[in-house]
Every structure is written in structure tokens, then in C-alpha cells.
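Heads up, the next two complexes both have chain A, just with different partners, chain B and then chain C.
Now for the complex of A and B:
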């Protein structure tokens, strides 16, 4: 019964991956009308000397690890603080999940509007509070564009961590909490010594899922800045997309994609190895 | 304010007065942070709603009004008017996402059942391989997929798009269904086998009715994934009338309508409704579904 799924995946995912790896050794520009020609490792040499590649690699790392770290920490904090909400207040938890249910294109539009340099509410509020004196070009200056896109990204994914950690906290056995209370553990000790150890498992899994999703994120970045200004928010996804569908340089795009695939696999293998070593000890 | 901190676990009946005061201060602190968190989560949504009902004159003020002076529906009216093919985007998004959800759930249930119950030697490897495809970057696949669909004459068709969505959602869906099916006791199945049901019969008559929440959760996830997908329709569809919401809206609000914030927010509001409904319908089952694939112990 698993066969239909395997067949579909082989055609729509397996074949493209093999083809992408093969293309990474070719010079192939479909619009030129020339057939693909094998060029060996030429593309790879070119990639390592390509400054835009290195810049997008750095941007990807900042975007991914920055967003995940901030979202995970804030999600953990919120989960700990709202743990004991009961009665009428338990709906607060559902309300805090709302950003997750907002479509990504809407998130992009919403933050584009709120961060607009002329009409945006963020500049207006900061101006009224006297924090800034002239409008900040949030999305159109290379210094602020990346933090601004990350802000939108953190807004959408914080609920994911909040939910995972809330579920993790609910699984801490009551006896453990009672025992700690009898020993007069303060709230800080309770959180760090008693509850956190129960959360590491779900935290590691959630971080892995979320790092991979962020590595592969296209919609938010593209809809907010298209990778600009300059290359300041060009992540690897955006760079590969531009290479493949703006310059139609399929071979070179496949090379960047393959290198990135290798990095992703290395990260995942290391991570899973760590995870298993941890659960073994 | 102390009502916020209604402790669900037992609290000591007698507490020292100093300790009680400290608790109250902590309670106010927590309440404050919760209110801040609510503002952070909901203010952007409020801003979207409020802006969508403002007149174009009010939207273009350099000093924005926090509450609309008067509520006008003009922004929504323009969407269904003829200036933008918004209605076709909406219909296309609904159609392709729903069909992809149904197809993906069907195959996911089959695969999930096999991964959960069938006994064959390579089951572990097959499961891991399916899960690994989930990690592959879409954008690396999209180039070759584009060329593949071009050859199969499926470029610029709904079918091509649905195939893309389905294949992207299948790995996660299969693992999600496996998680839900794992929770069904084997004894029930044994009883059905004694009653003479064959394997497919057991799946349809016994397993599926018992995992309906799982089916809906998986469907909701596939739907949300498809609804959010920008890359596939952007590259695989090139006729405006066939476009879905994300690339359609992106195209509409970049050129001359770039600063039509009112219209943009009205479109954003409508785009959000189906996803909000899907999300809150399955919210209760979400944690189980999400961690199913991730805790790949087997």
C-alpha cells in the first residue's frame, strides 16, 4: 500500500533530484536553444569564486539561525508563563497561535505595509514616541532589510514553538512538580532544573524541523524584498530561483542547489547523530 | 489580576504574607507579559482588518489613524469588480488546494497504514527515505520539475500544479497518518480479521473511521501548505486567469497598484479566511500530528 506513494515520490521528487545533480555538471541555458553540454567541474569552480553565492550563504545562515533562535527562546518563555492559565484565560493560548494561521503571502503584505517608510504604522508610532526623528527605510535600506524580514518570519513561527513547548510542559509528570514544590524549589529552579530537562527532546525535534523550513523558505523573502535591496536579503533559495527563472541558467542554478543540498544533508546528519547520542546517554 | 494566575495544581493553603505579596507582584508581571504577547500576535491582524475598511483618502495619510474614521467597503467592492482577476485567483487557489488535500490524504492513509502495520524487511528504510524527501529544498526540485512538466505538456495546467502540491505534501502526510494509525489498538484489527475482512476492508471499515481526526488534520496541513505555496504556481503557471492567490496578488500589488494599501489589505483579509478556518478546526490535534513524523524512532 506504500507503493503508490513511492511511485509518485520517485517521479516528482526522485527524478528531479537526480536530474538536478546531473545538470550541475552541465552548461544548460534552455532559452539559448543549445543542448546541454557536459562541462565537468566547471560550474563548481565558478560557484566557489562567486561573491553572490557566498553572500547568499551568509544571509541564509543569519536568516535561519537568527529567526529560529529568537522564536524558540520567546516561544519557550511564553509557554512557561502561560502554563497555569485556566478558566476563561485558556482561550489566550489559542489567540496566541493566530499568526500561524495567517497565510504567508498575507504576512509578507502586512509587514510590507506596516514597515513602509512613508505610510507604515511602525515609523508613525516610533516617531510619536520620540524614538526616531526621521522615517527609517526598513525594507529599502540594506542595513535594515534583513532584520525586517526576520521580524515577519519570527512573527509567523513563534506560535509553532509556543505550541510544542506548551505540549511538552503538559507532559511533565505531576509528581515531579509536587516533589520539587515540597523541596521548596523557587520558580526559577523549577523552570530550569525540573521542567527544562523534560523539554529537550521536543525542543531538538522542533528546532530541526524549523531550521529546515527556514533554509527552504521562499515565499516570505521573495514577497517582501525579492532579495533586495542589492543582495542584502538574497538567501540561497532566492539566488537559485533567480538563476533558474530570471537568467534561465539551469546548469549553474543546479550547481548552487546541489551544494546547498549537500550542506543541508550534512547539517541533518550531524543533528540526528547528536540527537541519538543524547537519547542514548 | 490574580485570577490570571489561577493555579491548576494544588497550592499550599497557608502562605506567609511576604510570600503572598511576592506572588501577587509576579502575577501582575506575568499578566503584563501575556497582554504584550497578545498585542504582538493580534495587532498586525487588527491593522489589516482596520486598513481594509478605510477609504483610500484615509489610508494615504502620513499620520495613520488607529481606528477607521468611517467604515467603507469600497476596497472589497473593487476586488470583485473587474480591475483585478481576484475572483479567479481565489477560485483557483480553493480548487487546487482542496483537490491536492483529498488526493494527498488518500495516498497518505495507504502509505501510513503500510508504514504502521505491514511487516516487510525494508519498512524502516522506506519510512526514512520518505521522510528524507521532506527535507529537500523545493527550489532545487523546481528547475527539473519544470522541464519534466514541460515535456509532459502539463505546464500551465491545474493538473501540473496539483501534482506539485501533492508530491510536496505526501512525505509529511504519510508520517502523520502513520502516527495516528499507530494509536489504534491492534486488537480491533484482529477482531475484524476474524470477522473475515481483508486488508483493504480493514483499512476502509475499521482504521479510517477511527482515525477521522487524523485524516482531517492531515488534510488541513496539506491544504495550508498548498494555500501558502508561492514557488510552484509562480513557476508552473503563466496564464493570469489560471494563477492562484499568492503569485496573483504579488503580481497585482507590485506594479501600478503598489501603494493601494487598502485594496491590498482587503485582499489579504479574504485570503486569510480559509486558512484560519482550516487551522482552528484541527488545532486540538496539531501537536500529535506535528511530532509524528519528527520522532522517527523506528
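Now for the complex of A and C:
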């Protein structure tokens, strides 16, 4: 039973990875009509002097860690605020989960239309309220594009953290809560000293899963800005896509892709290590 | 440490390993078989079939016409009509979006699975041609070539061979909204003839209608966008590259970039929008001037349901306002039809291509009706001449077509457009000095062409 699994894994996962890594050492441009030629470490040397690569890496870090940090904090806050909701109010928690059910590409287009500089509802409302006097170019200004894409991303992944933290809060033993109440712990002390320590393990795992997901996120960025304006929202995955499927510079795209893969593997190893440590404890 | 237990485990594993070894030994056979199957299929048979109505051949037609709501009914109708005229040929449409069709064709060529016929445009035609996968149409076209507009034949020629049959003629021109012009105190029958006049008109529109976009101009990071902007660069005497030689860090290019910054800063245009996003706005009189192809008319009318007379009363089209050298420029962005070398049914494929491009039924029923475009023939028949005698198509034929220049299409174009358009977006949306952006474009191009 092991062999077929290994064969499938080798074909579906192993071959593309090995092929991409091999290609990362080659100069391969299908449109040139020339076959792939080995160039050793040339592509890797080129990457380190490539300003767009560094900008993409910086954008990826801002997008990933910024989105995850804000989503985790807001998710925690909402979980704490809605923890004791009862009666009809408990449905608020279901309502908070709805963004998670919306397909990513729909989220991207929803936000794209809402944030349209000329006819988007966001500018219309802000102008109506007198907060702005001229339209803000949310998705087409170098300063606002990244925060706007992150806003859509945070909106869609907030429920994930909310769910994780709500489940974590439910697992805090009642005896501990009762003991803290007897000791007259206030809401702040209850949250930070009693409940948060119980959430640390699940929070770490959720954050790592989220980091990996955000690191790979293509659909939202591409649908909202295609990496622009300029390169202001170009993340590594968008850069690889442009290199491979617009410029057809396959060898160089494979090089950037391999570096991206190495970074992802580091996160994945960290995730597995955390899982093992958690199950051991 | 625990020899017995270790040995026991090893003993248990040996038969499994042997089985795994035997399975793995089969792998090369499976791989070779799979490869042979993948390379085979319909494309593997290189013989030319002789189709009959009893034994028709089926050709595959990759196109974006069938993927767009506005043109889908038209192209489906054309395929039905073609099959009625040619019962020996069946056409299987493969809808692929306009944005994706170029790279999809390159990837399908790489994987040995191209269609028989494809609809391509702009640089996509030459990017696919560079792979060597497109059929040489010289022998199929023969004398037919002389019946086409020479510039259209030139636009489909690569390395001295016809590789793309012109289908629709679609250069961008300057559309102007007469109602908005009149409202802003401008003469609606006198569109701007120079760039200075254009800027004056844009200022008048902005002052009178703050919520109207004065000029619709595609500034996305796509090869289509570079092609659309190529004529504006040329009007400044700029050409960001030639062959594989970058020339973006020039005074002319900086003048063009400064002008684009001025358009954005004065809010004369809306940066980052695809030309397709301006079209529905044009239908609502929310754009005063649009640098767009004849197809704008079809989109506007299908959106606001204006009659032809209402449309012509509201919209006119003119050549690009002249720039530094006193000349107007446009580029050919028409749709072309290509056949692939790997197709076993090239003759049937060409029959279909020729019918779509030249048959009066196809020209009047699709090219003009659904694409609002001109046909590629030099001397169209009376039937066709009658339907293309509209004010806007005549303006395109008379004023815009003579200004067409061919951009530096080819493999380098695919690598060049992204650094150039990223730079254009930077000047339009950021504050980096123009000199610095021009220098960045230059180094980006030099790096891409290495």
C-alpha cells in the first residue's frame, strides 16, 4: 500500500519540485526558441542584485506579517468580547464567521469595486461624511495600495482567528475562572493573566498556518492590483507569475520560486516542530 | 542496542522494499507510455485528412470572443453558419479570456497540445510565433493576400512569412463625447488636433464636470497597455526599446512620463484602469475622451441601448492629437487568426479562418455587428461597404488607419512591457522623480534583455 502512495507523491509533488530546482540553474526562455542551458549559479547571483526581488520580498513580509498580526489581534479581541454572549446574541458569533465563507476571488472583487477611486462606495461614503474632499486612490496609489489589499485580506481571515480563539476560550477550565473571580480579578487581569496563557499554543499554530497561507496568497493580490501600481503590491508569488507567464523567463522564475520555496519550508518545519512539541506536552 | 528488535523490523521491511523496488521498476515503462500518450492525441497525427460531410473533421478554435458576453452570441452564430456552409468541417470552440490567451497558447505549445486555430492579437501573435509553432500561411493564402489591406498583411507577417490572417481591423483612435464637450463650452465638432489643444480641452472638461473622467487611457501593467501607449510615446519621439536595445532613459521618454504624471496629478485620467473599465463609464457619459478601438461603440450601445443615430450624435472619433513631431500615431490591435503546425487539419483550419475574415456573411454578421470593427479587405464588396459606411468606421478608415505604426512586437516585447508599464504606473501614482523612474525602466529593460 505504501508504494502507490510514494509513486503518486513522487509524480505529483516530487517531480515538479525537482524540475523547478533544476530549472533554477538554467537559462530557459521558451520564446527565444533556444533550448535550456545550464548557467550554474548565475540566476542566483542575479537575484541578489535584482531590486524587484527585494521589493517583492519586503512586500511579502509586510503583507504576510501585517495581515496575520492584525487579524490575530482583532480575532482575539472579538473572541473575548463575544465569549459570554447568550440568548439571541449568540448568533452574532455565527455572523462574524460569514466572511470566511466568501470565496477569496469574490472578496477580492468586492473590495476592488468598493475601493474604486472614481465610483467606489468607500469614497462616496467618506465624501458624504465630509471626511475626505477628493477621492482617495485606494488601489492605484503607491501609498494606499498595500494597506487596501491587506484590509481585504484581514477581513477574510479574521474569522479563522476568531474561531480558534473562541474554541480556546471554551477550553479554559471553569475552576480556574471561578478561582480568579474569588480572587477578584478584573476583566483585564482575567483576560491577560488567566485566559491568554491557555490560548498560546493554539495561537502559535494558527499564526503559523496563516503565515504559510498568506505567503502563498496570489488570488487576492492579483485580482485587486496585479501587483501594482508599479511594484508596490508585487509579492514574491506575483513576481514569479509575471516572470514565468508574462515574460516567459522560466529559468529565472524558477530561481525566485526556489528561494520562495526555501522560505516556505522554514515556516513549515517550524510548524511541524511546534505541533510535535505541543502533542508531546 | 536492541539487535533482535531492529533485526525483526528490518526483516519485516525487506519484502516491502522488494515490492517497492518492483513497483518502481515499472515506473519508467509507465512514464514512457504516458509521455507517448501525451505527445500523441489529435496533434500526433500529422497526415492531412480529406473531410466529407459524411465524415467531417473537427477543428478546435481557441478564442476569447466566445468567453465575452458581448460577442459570444455572435461567434456562436458564425460557427453555426460556417458549419452549414461547410458540412465537412465541425468547429469546437474553446473559450479563453483575452488576458490569458497569449500565455495559454505558449504553454499549450510547450506541452504539445495546441488547438487547430486561435484568435490572437498584438504581441501575443508574435510571442506564439517565436516558439515556431505557427503554421506558415503563405501557400494557403496565395493570391488572397493581395485582397487584404497591405498594412494588415504586414501586421501578420513574421520573418517574411504570413503567420496570422487579419480578421478585424481595430486600431485605437481618440473618441470624443460631443455632449460633454458642448457642455464644457468646447466645439463638439472640433476635436483636439494637437496635444496642447487636448490638454486645454481636458482642463475645460475637468472644470465643468469634476466627476467626469476627462481622458480614458489604459495604464495597467499588461502588454496590451504598452501597445496602447506606444502611440503616445511615439508622439513624444520616444521608443523605449528597439530590438533588444533599451532606450528608455532619453529626454523624449522623460517628456512622455512627465506628461503621464501631469495627466494623473491634474486628475485628467484615472490611473491603473483597464480600457475595458472605461467603456461602461463612456456609456453613462462619465468619460469625455477615450483612447480606444472601434469596439467601444458596440460596448456602449449594448450597455445603454442607444440607437445608431443616438450614438453618432453623441460620439465622434479622430486621429491622435499631434505631438512633438507634428504627426499622429496609432497601432494595429486588431484580431488575427492563426493555425498551428501541429494541426492535422490545416486546410480545414484555413478554410474556417478565411471564411471568418472575408465572407460577407461573417463580416456583416460578426466583424461589424459584434466587434464594431472594420474588415481587413482592401476593396470590400458592396454589401460590406454598405455596412461599414458609418461615421465612426469611416473616420477610423480615413483618419486613424493611415497613422498606424507597428510596435517592436516579438519575444523581447513580452519581457519589456512589465518594466515599462510599472515605471509608467510609478510616475502616475507616486512621487519618485521622473529621471529616476526612466533610469529604473532602462536598467529593468537591460536586465530583461540580457
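The rule is simple: the second predicted complex is superposed on the first by the 260 of 281 C-alpha atoms of A that agree within 3 Å, B and C clash if a C-alpha of one lies under 4 Å from a C-alpha of the other, contacts with A are read in each partner's own complex, and residues count from 1 in each chain.
Keep this in mind: a contact is a pair of C-beta atoms (placed from the backbone, for glycine too) under 8 Å apart; a residue touches a chain by one contact, two chains touch by 3 or more.
Since we're looking at a predicted model, the values are computed, not measured.
Within the superposed three-chain model, A:218 lies in touch with chain B and out of touch with chain C [touch as defined at top]. Legend: residue contacts after superposition of the two complexes on their common chain; A:118 is shown touching both chain B and chain C. Once the two complexes are laid over each other on the shared chain, residue contacts for A:228 go to chain C alone; chain B is not touched. After overlaying the two complexes on the shared chain, residue contacts for A:179 are found with neither chain B nor chain C.
Taking chain A as the reference chain, the count of touched residues is higher for B when chain B and chain C are set side by side.
Legend: residue contacts after superposition of the two complexes on their common chain; A:6 is shown touching both chain B and chain C. Contacts of A:245 after superposition: both chain B and chain C are touched. In the overlay built on the shared chain, the residue A:84 is in contact with chain B alone; chain C does not reach it. In the superposition on chain A, A:142 makes contact with chain C only, not with chain B. Of the two partner chains, chain B is the only one that A:102 touches; chain C does not reach it.
Shared contact residues of chain A with chain B and chain C: 2, 4, 6, 30, 118-119, 245.
Residues 1-2, 4-6, 8-9, 11-17, 19-20, 23, 30, 78, 81-82, 84-87, 89, 92, 94-106, 109-111, 113-114, 116, 118-119, 121, 124, 155, 159-160, 163-164, 167, 174, 177-178, 187, 202, 205-206, 208-209, 212, 215-216, 218-219, 222-223, 237, 240-241, 244-245, 250, 253-254, 257-258, 260-261, 264, 268 of chain A touch chain B in their complex. Within the complex, the chain A residues that touch chain C are 2-4, 6-7, 29-33, 46, 50-52, 117-119, 134, 137, 139-143, 145, 225-232, 242, 245-249. Contact residues of chain B toward chain A in the complex are 3-10, 26, 30, 33-34, 37-38, 40-42, 44-45, 47-48, 51, 59-64, 107-108, 110-111, 113-115, 118, 126, 130, 133-148, 163-164, 166-167, 170-171, 174, 199, 203, 227-231, 235, 245-246, 249-250, 253, 259, 261, 264-265, 267-268, 271-272, 275-276, 278-280, 283, 286-287, 290-291, 294-295. Interface of chain C with chain A (complex): residues 16, 19-20, 23-24, 27, 103, 106-107, 110, 127, 130-132, 211, 213, 220-223, 267, 270-273, 281, 286, 411, 414-415, 417-418, 422-423, 425-426, 428-430, 440, 444, 447-448.
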